[in-house]
Amino acid sequence: MAKRLKGLSMIEPFSQQTAQQRRLSEDWGFSSKSQGKRLLNKNGSFNIKRIGSSEWNALSLYQHLLAAPWWLFYLLVVVVFVGVNCFFALLYLAIGIESINGTNTGVWTTHFYQSFFFSVQTITTVGYGGMAPQSVAAGVVSSFEALTGVLGFALATGLLYGRFSRPSAKILFSQNAIIAPFEDGWSFQFRLANERSNQLVNLEANVIMSTLETVDNISKRRYYQIELTASRIFFFPLNWTIVHPITPESPLHGKTAADLEKLDAEFLVLIKGYDDSFAQEVYNPTSYKWNEIVWNARFVTPFYPSAAGDTIMDLGAINRYETVGRQA
Amino acid sequence: MAKRLKGLSMIEPFSQQTAQQRRLSEDWGFSSKSQGKRLLNKNGSFNIKRIGSSEWNALSLYQHLLAAPWWLFYLLVVVVFVGVNCFFALLYLAIGIESINGTNTGVWTTHFYQSFFFSVQTITTVGYGGMAPQSVAAGVVSSFEALTGVLGFALATGLLYGRFSRPSAKILFSQNAIIAPFEDGWSFQFRLANERSNQLVNLEANVIMSTLETVDNISKRRYYQIELTASRIFFFPLNWTIVHPITPESPLHGKTAADLEKLDAEFLVLIKGYDDSFAQEVYNPTSYKWNEIVWNARFVTPFYPSAAGDTIMDLGAINRYETVGRQA
Amino acid sequence: MAKRLKGLSMIEPFSQQTAQQRRLSEDWGFSSKSQGKRLLNKNGSFNIKRIGSSEWNALSLYQHLLAAPWWLFYLLVVVVFVGVNCFFALLYLAIGIESINGTNTGVWTTHFYQSFFFSVQTITTVGYGGMAPQSVAAGVVSSFEALTGVLGFALATGLLYGRFSRPSAKILFSQNAIIAPFEDGWSFQFRLANERSNQLVNLEANVIMSTLETVDNISKRRYYQIELTASRIFFFPLNWTIVHPITPESPLHGKTAADLEKLDAEFLVLIKGYDDSFAQEVYNPTSYKWNEIVWNARFVTPFYPSAAGDTIMDLGAINRYETVGRQA
Amino acid sequence: MAKRLKGLSMIEPFSQQTAQQRRLSEDWGFSSKSQGKRLLNKNGSFNIKRIGSSEWNALSLYQHLLAAPWWLFYLLVVVVFVGVNCFFALLYLAIGIESINGTNTGVWTTHFYQSFFFSVQTITTVGYGGMAPQSVAAGVVSSFEALTGVLGFALATGLLYGRFSRPSAKILFSQNAIIAPFEDGWSFQFRLANERSNQLVNLEANVIMSTLETVDNISKRRYYQIELTASRIFFFPLNWTIVHPITPESPLHGKTAADLEKLDAEFLVLIKGYDDSFAQEVYNPTSYKWNEIVWNARFVTPFYPSAAGDTIMDLGAINRYETVGRQA
């Protein structure tokens, strides 16, 4: 039953959810002006800009480096590596190239590349020894650079490990949600599969329907938790179809595609599970907007037996559906 | 009571399970053609092949390297190490062996092993200095190689740590499940022990019975969650016997061994616990197929007191059972 | 209903909380003499001093190094680095500078800085080779120093990774709690926002009201769990306003600002959530004291639509409120 | 009410526990011969020996290295370091000392320490270069040794990090449990404090009473979960007193100290909490045996206000109690 709580928001925990639907907090406050823009992006991030906080406090460098794509990460590493070595090379030039043993006399470009390579040999702790510090100043700078090197690569080690070991379940969602026949009536459905070969167990699903409603000439976002036939499964070998039956208590009851467009409807999805290879809980958020809903359809089974009797799961078919005639 | 939900799948969370049995989701959709093949392998993986996804997206390299056996991991490390050094050795030869200080003149094999060892000394950052880069080109390549080295071994550090620190509870299951006397009737039982000396606490068990049933000439997989006398224990010092009493509500009620074979019955098991040495939750899945069930048996106690009064747990006896006469 | 349990403390788990309020344990035992001092600091630590335990047992060095500010951490690293190298330099001088190849004869300061730089080159494993150990004693010491170096920087790697990867949700709380209109009555409110751009999901809130009450001339701390309209939310895109309605069952019912001062009232807050970038549960404690409560106020919306239709969240406005006239 | 379930064991989860007591599983099967020996040691380990499993399968090397005391860990590192270098030194001697540049001719001890130091300089990647490989054989061995070195120290890095980052809540339990006055009757009590300065939140307690009972001349271990006035707290600033009221339903009801001795009674304790500095759940098991119970006592408050108004927690006083006269 879709409980309407006057001015009161209440969301119960995963473990206390009853099958009951509720209107949720009005606090999220997405601007009612932003009709048409989605609240939650497909990749699970929100369409929000944060101001009024020191940039580097709010957006930790570490989290950015963890989330950056690999090509950018490596580019950054190379740029920082070259930059730091240029800095130290200039420092050695300032001290005087003659304070480094084994350098040739020559023009300044020769001096620069010699001190640059000396810097690289120091910061990576290669230290061939063809060049070596000779004066106290060069000794101090190269000592500091070697320390910088070991700490810097310690940091890089941590970052690389962090990037790899970060649990990142790749759950593949069907691109569309569908309005499909269910028992004697209809239902809202979407489905998901595990894109990776690692095992996800003990999954939970939560779906929230958000609409933009006009009350007293003011349009306000409303949030309803919608009832699922199964909100949890233990094993997730193939695909999982999430089904919300459109009963009279459903906020979708009696709505048409045009109604959902007018309501700027969006379905926020949160999937929680335990990832076996990372040994950690993972959460996957996504959303479906009204224009991603296909009416009068039915999902087509995405798996089939192989000749050898194995089961083949075709991830490319996760979004495959067929249209059905609208029933009475 | 074994609730039969028409066309409706519902699995409740660990924390909300009632003692009630249910027929579970039909969505897993293992092919009904694969009769005889097991759904869940003994080691907890599913008999599924995934297609339609970019291989390297779906099967992350990191997870493969984590899961690979040690001998393969080390072999890979050595092969990559030799390969990368051959690559750099050829690069130095292309630049010209004379651009590396301290190399002898000689035949090309001499040149190759000298540049190979120079490469090793660079990438591992040993840098004896017997050989050292002399030209700008050699400087650039060796700088890049040293950077490759420190980053590469940073990666190896992360991988090695990841391999070791991955929680991997070694729960030893009895090879067979048994149909054993229980109170005035019979029960389905299996048992488990902690193979390691680390402590597991706060364990939970879930068992799902899967059958292949023929409805309207179409055979379909059905899933029933079965009731356990104890689905949770706090401490796990010795063995834990999981007991499902075969009450009139049990899907096993009135079934014979031949029935289970015809139904291609399989019992999917999921054990969850907290591993004290890794300080993390761990999950252990396994399964018992109809041909791994021993009828009319009773488990034999696998532990006994030592002379000193200690308790000895014999892991080898975890599957030991004795046959009993079938009661009325 | 505010249950008063005689001499009995009971706090139920997050997952079992009913909407019911309770008086909590008297066991925390904050001194009744410390009226005016807060129990829980704004940053979530308690005003407690621990004695009677070996300092280094109780306060693990690792935890201090994790929690230390970055400038202090780096300063410590540099101080330890210089200190350890001075120690080894003195050791080399004790052995005799002549046992190190490549050192010049000279005054003792020259000897010291040469052995210091040799020590640095050894401990960082740079090993230029301009200087190298010549005697057995120097060989033994430098071997031990190199081992110290690799292990020491292994430790530093771990610490740096630990500092970065430690989940540290930066939840920004409003500086004040307010007594705000709510439905037909009043409520106790405060709000919070995620200061970082990472995503927090599945949040839970718990609020405990603590008062100093005088019974039989003895003043005692009492703890009441207070009822919230919403104690959990799934998504946390913008701000979350925590609302406790002041019903007749509320321990705040009928209280004035002067009453709360006399009772030395303090509201202890614990927020729990799942941090997406660290893939872990995080807890954020804080508290509001009676003098941080603003009466007859209403929070002002801290977000607004941008010209482009995006939602702008102004973290600086999280504490913005306006005063309202006291209703009947 | 102490439910006695005939031949049936049932332990419900943390989150489902009712206040109800139950007799628990008989499956743990501690030998009835081991009367007098404790089941659970004070440090939380069980008095069990495991046989019938390959030692190195059951007792993972990693877990041993994590759990080993620091002095042993460092000793092992040094022993392995010296051993590995001796091995490589002998290998270089076998190849011939002349294949290493910069070595002196001399007696075999000179050769040995030279190849030993060369090995150290290679494995730690110091590589001064005073000595350098000259032949192909020496090049191959030193290449392999340098790879061994970087991988070995990568392993050491992981182990050191694992040792430090392993959450290890140091909960200090009172040495004795007491039978103390409570309301109009008596109760079983013990208490605990956080020995460290890190914060533990959201704690849960479970206590199981184990007795050795004689039924039909066979003595059997029985397990009862006992009811606590508070099984959970949110904050844990000072001490927490766990209280089990001895109601008529308690298995302790009507028992004397002599009864408990005869029953070989032991109370198994499991404390679960969230450790703020490690950002992880931690579990602390311990136990109290009948001879650690003090009858007719009352715990003395272990904290007091300082002159400055702070609260001082005296960890040394956690076990302080005073005797009380036995009431009617």
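Order of writing sets the labels: A, B, C and D. Residues in every chain begin at 1.
As a working rule, a contact is a pair of C-beta atoms (placed from the backbone, for glycine too) under 8 Å apart; a residue touches a chain by one contact, two chains touch by 3 or more.
Keep in mind that what you see is a predicted model, and the values were worked out from it rather than measured.
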Over half of interface residue numbers shared between chain C and chain D means same, under half means different, so which is it?
different
For chain A superposed on chain C via Cα atoms, how large is the rotation, as a multiple of 5°?
90
Roughly how far is chain A from chain B, centre to centre by C-alpha average, rounded to an integer in Å?
26
Hey, how far is the Cα centre of chain B from the one of chain C, in Å?
36
Within chain B, the set of residues that touch 2 or more other chains is 14-15, 121, 125-129, 131, 157, 161, 280-281
Name the shape of the chain contact graph, picking from line, ring, star, complete and other.
complete
Mind listing the chain D positions that touch chain A in their complex?
15, 125, 127-129, 157
Contact residues on chain B for chain A in the complex?
6-16, 24-25, 27-31, 33-34, 36-37, 39-40, 44-53, 57-60, 62-63, 66-67, 101, 121-122, 125-129, 131-134, 136, 139, 142-143, 146-147, 149-151, 154-155, 157-159, 161-162, 166-167, 206, 208, 268, 270, 272, 278, 280-283, 285
Contacting residues of chain D [partner chain C, same complex]
14-15, 77-78, 81, 85, 113, 116-117, 120-121, 124-130, 153, 156-157, 160-161, 164-165, 170, 172, 182-183, 195-199, 201-202, 204, 229-235, 237-241, 243, 274, 276-277, 279-281, 301, 303-306, 309-317
